[in-house]
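As written, the chain order gives the labels A, B, C, D, E and F, with residue 1 at the start of each chain.
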Amino acid sequence: MSRSYDRAADGLRPVAIEPGFVRTATGSALISMGETRVICTASAQDSVPRWRAGRGLGWVTAEYAMLPASTGQRKPRDGARPDGRTVEIQRLIGRSLRGVVDFAALGENSIYLDCDVLQADGGTRTAAITGAYVALALACERLVAAGTIPRSPLTGSVAAISCGIVGGRPLLDLDYPEDSAAEVDANVVMTGDGGLVEVQATAERTPLSRAHLDDLLALAELGIGRLRAVQDEAIAAGRP
Amino acid sequence: MSRSYDRAADGLRPVAIEPGFVRTATGSALISMGETRVICTASAQDSVPRWRAGRGLGWVTAEYAMLPASTGQRKPRDGARPDGRTVEIQRLIGRSLRGVVDFAALGENSIYLDCDVLQADGGTRTAAITGAYVALALACERLVAAGTIPRSPLTGSVAAISCGIVGGRPLLDLDYPEDSAAEVDANVVMTGDGGLVEVQATAERTPLSRAHLDDLLALAELGIGRLRAVQDEAIAAGRP
Amino acid sequence: MSRSYDRAADGLRPVAIEPGFVRTATGSALISMGETRVICTASAQDSVPRWRAGRGLGWVTAEYAMLPASTGQRKPRDGARPDGRTVEIQRLIGRSLRGVVDFAALGENSIYLDCDVLQADGGTRTAAITGAYVALALACERLVAAGTIPRSPLTGSVAAISCGIVGGRPLLDLDYPEDSAAEVDANVVMTGDGGLVEVQATAERTPLSRAHLDDLLALAELGIGRLRAVQDEAIAAGRP
Amino acid sequence: MSRSYDRAADGLRPVAIEPGFVRTATGSALISMGETRVICTASAQDSVPRWRAGRGLGWVTAEYAMLPASTGQRKPRDGARPDGRTVEIQRLIGRSLRGVVDFAALGENSIYLDCDVLQADGGTRTAAITGAYVALALACERLVAAGTIPRSPLTGSVAAISCGIVGGRPLLDLDYPEDSAAEVDANVVMTGDGGLVEVQATAERTPLSRAHLDDLLALAELGIGRLRAVQDEAIAAGRP
Amino acid sequence: MSRSYDRAADGLRPVAIEPGFVRTATGSALISMGETRVICTASAQDSVPRWRAGRGLGWVTAEYAMLPASTGQRKPRDGARPDGRTVEIQRLIGRSLRGVVDFAALGENSIYLDCDVLQADGGTRTAAITGAYVALALACERLVAAGTIPRSPLTGSVAAISCGIVGGRPLLDLDYPEDSAAEVDANVVMTGDGGLVEVQATAERTPLSRAHLDDLLALAELGIGRLRAVQDEAIAAGRP
Amino acid sequence: MSRSYDRAADGLRPVAIEPGFVRTATGSALISMGETRVICTASAQDSVPRWRAGRGLGWVTAEYAMLPASTGQRKPRDGARPDGRTVEIQRLIGRSLRGVVDFAALGENSIYLDCDVLQADGGTRTAAITGAYVALALACERLVAAGTIPRSPLTGSVAAISCGIVGGRPLLDLDYPEDSAAEVDANVVMTGDGGLVEVQATAERTPLSRAHLDDLLALAELGIGRLRAVQDEAIAAGRP
């Protein structure tokens, strides 16, 4: 089975990150990984939620949503009750980004990361994390430039990629048809210096062996290394 | 008081409509009017809501939402209960577009128009109508091309613009600072051949005279004529 | 086609306003326009919503609901999510009445206007505005009499009427069968001295010409003049 | 302590039932007991809820609501979640009225009883039951007259009254100040031939003795006998 | 018709109360009456709801829920909107227990009583009251032992039982099959010294005579006397 | 730092599984791991959700809830909107158990797994999976015994355990204090023959190295092996 864009098993889809896509946001980026496209914005507020107040610490949280037309078949908007998948994803994004923030350095400011999927073709949650990091980094630079905070609260970078076992073969960066056929689906989040932030591997059809888990982690490490370079370029280009 | 983009009282902000912005939608457009930007998608489905079924007639409905970062200050997403303004706007969009659709020609198909505001600087509801018409027209062309329907169900075109009285002066296409200062705020929807589809004029501070209402309607007619040309170009460019 | 009550095109249905209909309210009125009947109450509170506090300004807001039996076919009560039509109507009522209130003169007091439709036969939203003005005026008189506020915060009066194009003919004060058959449906709100507060005209079937819009505005002005007299009598009769 | 309207311990407040108050309902009544006033409507539908269908049996259910201005201090409308008191009351009304309906005779028709409190001064739930019976009886007569059902499905009449122990003294038909001061509060529902349909006695402050419970039941029986006469007159007057 | 456990008309099902069943609660009990089993917990908090604050008075409230598997046929969990029966029951439990609490002695502390039905075979609400009293008593003893409050706020004990008329025969402690067949269903709550706290009798099929009501109250008094002994033993056994 | 129950780094807390704890369920178990206790029930229904119908396949789904008193500080019940953590957990339980079910063998039957936490001291989600497997296995045996399905649809067993890095040291089966202090928190689900079903590792404070991930997986494998034996005994004991 050949892969989209004639990729090898360890190939990423074409990746692009356009910084500053939403000019009303404190920081923003439009990330594309093949046909998957996600608008990521970082909105700063000069306060923290009530349960967090009075300790001199900031807060970072994330929301994730799919535009109704993003899936080909119209998907109704989440109403009162975001569906389970949405909840799971936005918690993952929030945790991943909070992992590289020094909340004391952020002071009692909040940053909301909103990841809105424009087009969905597999890997939206990992694209959201990778793009949200760019939006967050640009927002932090702007807050420092404006004198809101004395120095960047970022302690490192973070990026994420999906991988999986499809037809017995470990593959990097699954598109939607691959994802639908996968026996095992994994999402890996890593820091810029190679530490694991989150590993989620789910055997959809057949249990996963330790050897295959090792293969997937190696693929993910490779892919995340490449994403880091694209993030760096976007941040440099988006810098005011 | 000078206007943004050095406009005259009857001047529009720079307008651009990018067709096909969301490739997973049946039809789509990204409309910009100055710093106001709205993503408009048309998603076709081969069925109608239950209350509409069995009569051979189609259905068109609209939803409107603002991305949280679109206003500068983060605006929480609508949850269980879209706020009153949102409800009012999406009903206006739906009515306006239904006004140019022949439901018998559409057959028992539905088209959902989703208007998601990327950046808000005044006039989002009228920009949404103008952009949604382009998305709808492109979707209809695609349905005809695919043989889903024998001919286009559109009976005409539709576009909309805001205008108002600011400091006693009738102005076309208010941006956000003008809108906030307006004594009277009006939204006008017209068909391509100059018929009024909807007129909504609200006196926020001082009642409106009949003479001023006439001025506003004249400005709107002028502006809508220009928007029609931009719509036509976008549809031609977006045609498959 | 003859009209109910053998009215001419510019005729109102029989109008009656019974002041003080709900004795537990600060001010109240039961308005009847033909078979349309709406209970309007004004309830004063000695505080304002939190977002409004600390500026010495009052607040006026409106809610609209239909009793389940008001339409002949039982209409379920609005639950969590008032339907779009309800939201649109209560926003219109609130805006219209706020237009004649001096919020500084009201001080940090709120007045809630509740419009509950007892029987619906077309024109409930405009009847609600006309009746709510009477309830509001009586409530303001009572607040002044009680010494809560030094003088009436009302800067003028307000009334509203529907009109429309039915079978090509401009008609005043549509009843339900006329409203259902109308090509154009308009609601007009005016102050006592003839200024327009709100104009909403919607072409349901065929676009509206400027000439017809002028006809409708003339009819509305005529009808509102007559309603004003009925309002004045009711306020005089309801005065404590 | 003297009672309102100079009543004796076993005295009712002035009672009036106006039949046909809501002309769009199948049957209706406005009941007043002193300053307590409740609009009761019965709306017939030619179907039953899905869980009830296919057995040839009808259905009767009730809803209860308070108009916001009914209590003097504005009470927000129930939204998504009717408060506990409301739920308890509407279940009581429904059960009480279903007790006198032969569902086979009603056929697969539903009757919705809506009890909307216009003014609240104690005893709204029992007034609602007494008034709803009149609305229901008038609706049944109309359904028979229209040929929808061959004969009335009512197997008897039903009425209700509150009573309580106040300052150690058993009293009939408590108004709001009495209700607030009561040690024991009871609601009693009886059929026209003197059977108990529902007894609810709640000791708010001090437990209730068997002897006092007997006193309350005797008072209730007395009061309900008088209400029955008022119901009969209203039904006769409301008969088409 | 013979009764479960070969009981006489005035017989209780086997009763057991296991104190301390939930070790994370301030006080707890697992009550079994035949196959009906309810987990009752009392959770103390050192504050009261906002509407209650600043008066030096405590608060006691109750919630009731059924585990989905408790009824044999899975019952979905209550979501946004506890069903009417649940609301009615939790209000009854709260009222009954508040009847034996001196809120001044409790100080500004709250106790939440949670009654979760593990298995339902009739009489869950009365079992919940009887078990919740044990949980509450143990919680109060623990609060006194911890020095949170100087003395127990309990002014007496409380217990409850169901009874009814089945096949014309007054019976004590109905199980589910009896409850389903009952003409009259009653729930009686009494204090330890024999005062009535709440009487609720509902005629499901045929109205109830005064004589039968007296029979039911006599049965209830008998049953509650026996439950009181079981409560006392459980409290003694659960005492730290 | 010594561990509860004087455990070594690779030690489990005392484990017990009581089969048949809820007699109204199709299958049930009460699992205890130290002070963590979870009631697990399996409720069979002879139908599947609508989206699943007509394909001859069964369905298994899970819900997770915490009794309010389970955490020491009372935790309000989830209402309209289960919190994010709850959603994440019930999705994990459902996926894990579905992994060992042959849906064709189950036929168009559903099994609902309800996991209600009685006491929470860390590891509730993994205890829920381990206990739910026992409830599911007992339910399947009962369905086979009743002739509802010809053979067990289970294709294997499944169990789960938590582990983590605390103070730099990999530990098995974290209790609540350990979990709160952990740098890395992992949950591992495995089948009876040693395949990985789900791996979730989250670095709360410092990123995780590949070596440490390997340590955690080895600990989990060890712990799950022991749990499998306890499961087998419980199923044998609970067999009818």
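Heads up, the rule we're going with is that contacts are C-beta pairs under 8 Å (C-beta built on N, C-alpha and C of every residue); 3 or more make two chains touch, one makes a residue touch a chain.
The shown structure was predicted, so the numbers you read here are calculated from the model rather than taken from an experiment.
*Asks:* To reach subunit D from subunit B by way of touching chains, what is the minimum number of steps?
*Replies:* Tracing touching chains, the least step count from subunit B to subunit D comes to 2.
*Asks:* Listed by label, which chains are in contact with subunit C and with subunit E?
*Replies:* Correct list: D.
*Asks:* Regarding the subunit B and subunit C pair, does the interface count as same (over half of residue numbers shared) or different (under half shared)?
*Replies:* The interface of subunit B with subunit C is built from mostly shared positions.
*Asks:* Between subunit A and subunit C, two copies of one chain sequence, what rotation angle (nearest 5 degrees) aligns their Cα atoms?
*Replies:* When the C-alpha atoms are superposed, subunit A turns by 120 degrees onto subunit C.
*Asks:* Would you kindly say which chain has the C-alpha centre located farthest from the C-alpha centre of subunit F?
*Replies:* Of all the other chains, the one whose centre lies farthest from subunit F is C.
*Asks:* Averaged over CA atoms, how far is the centre of subunit A from the centre of subunit F? Could you give it in whole Å?
*Replies:* Once rounded, the distance between the two centres reads 29 Å.
*Asks:* Just give me the whole-number Å value for how far the CA centre of subunit E lies from that of subunit F.
*Replies:* The answer is 32 Å.
*Asks:* Send over the residues of subunit E in touch with two or more other chains.
*Replies:* Only 80-81 qualify.
*Asks:* Within their complex, state which residues of subunit C touch subunit D.
*Replies:* 22-26, 28, 35, 39, 41-43, 45, 63, 65, 67-74, 77, 79-81, 112, 114, 116, 118-120
*Asks:* Given the complex with subunit F, which residues does subunit A contribute to the contact?
*Replies:* Within the complex, subunit A contacts subunit F at residues 80-81, 84-85, 87-88, 90-91, 95, 99, 190-191, 193-203, 206-210, 213, 217.
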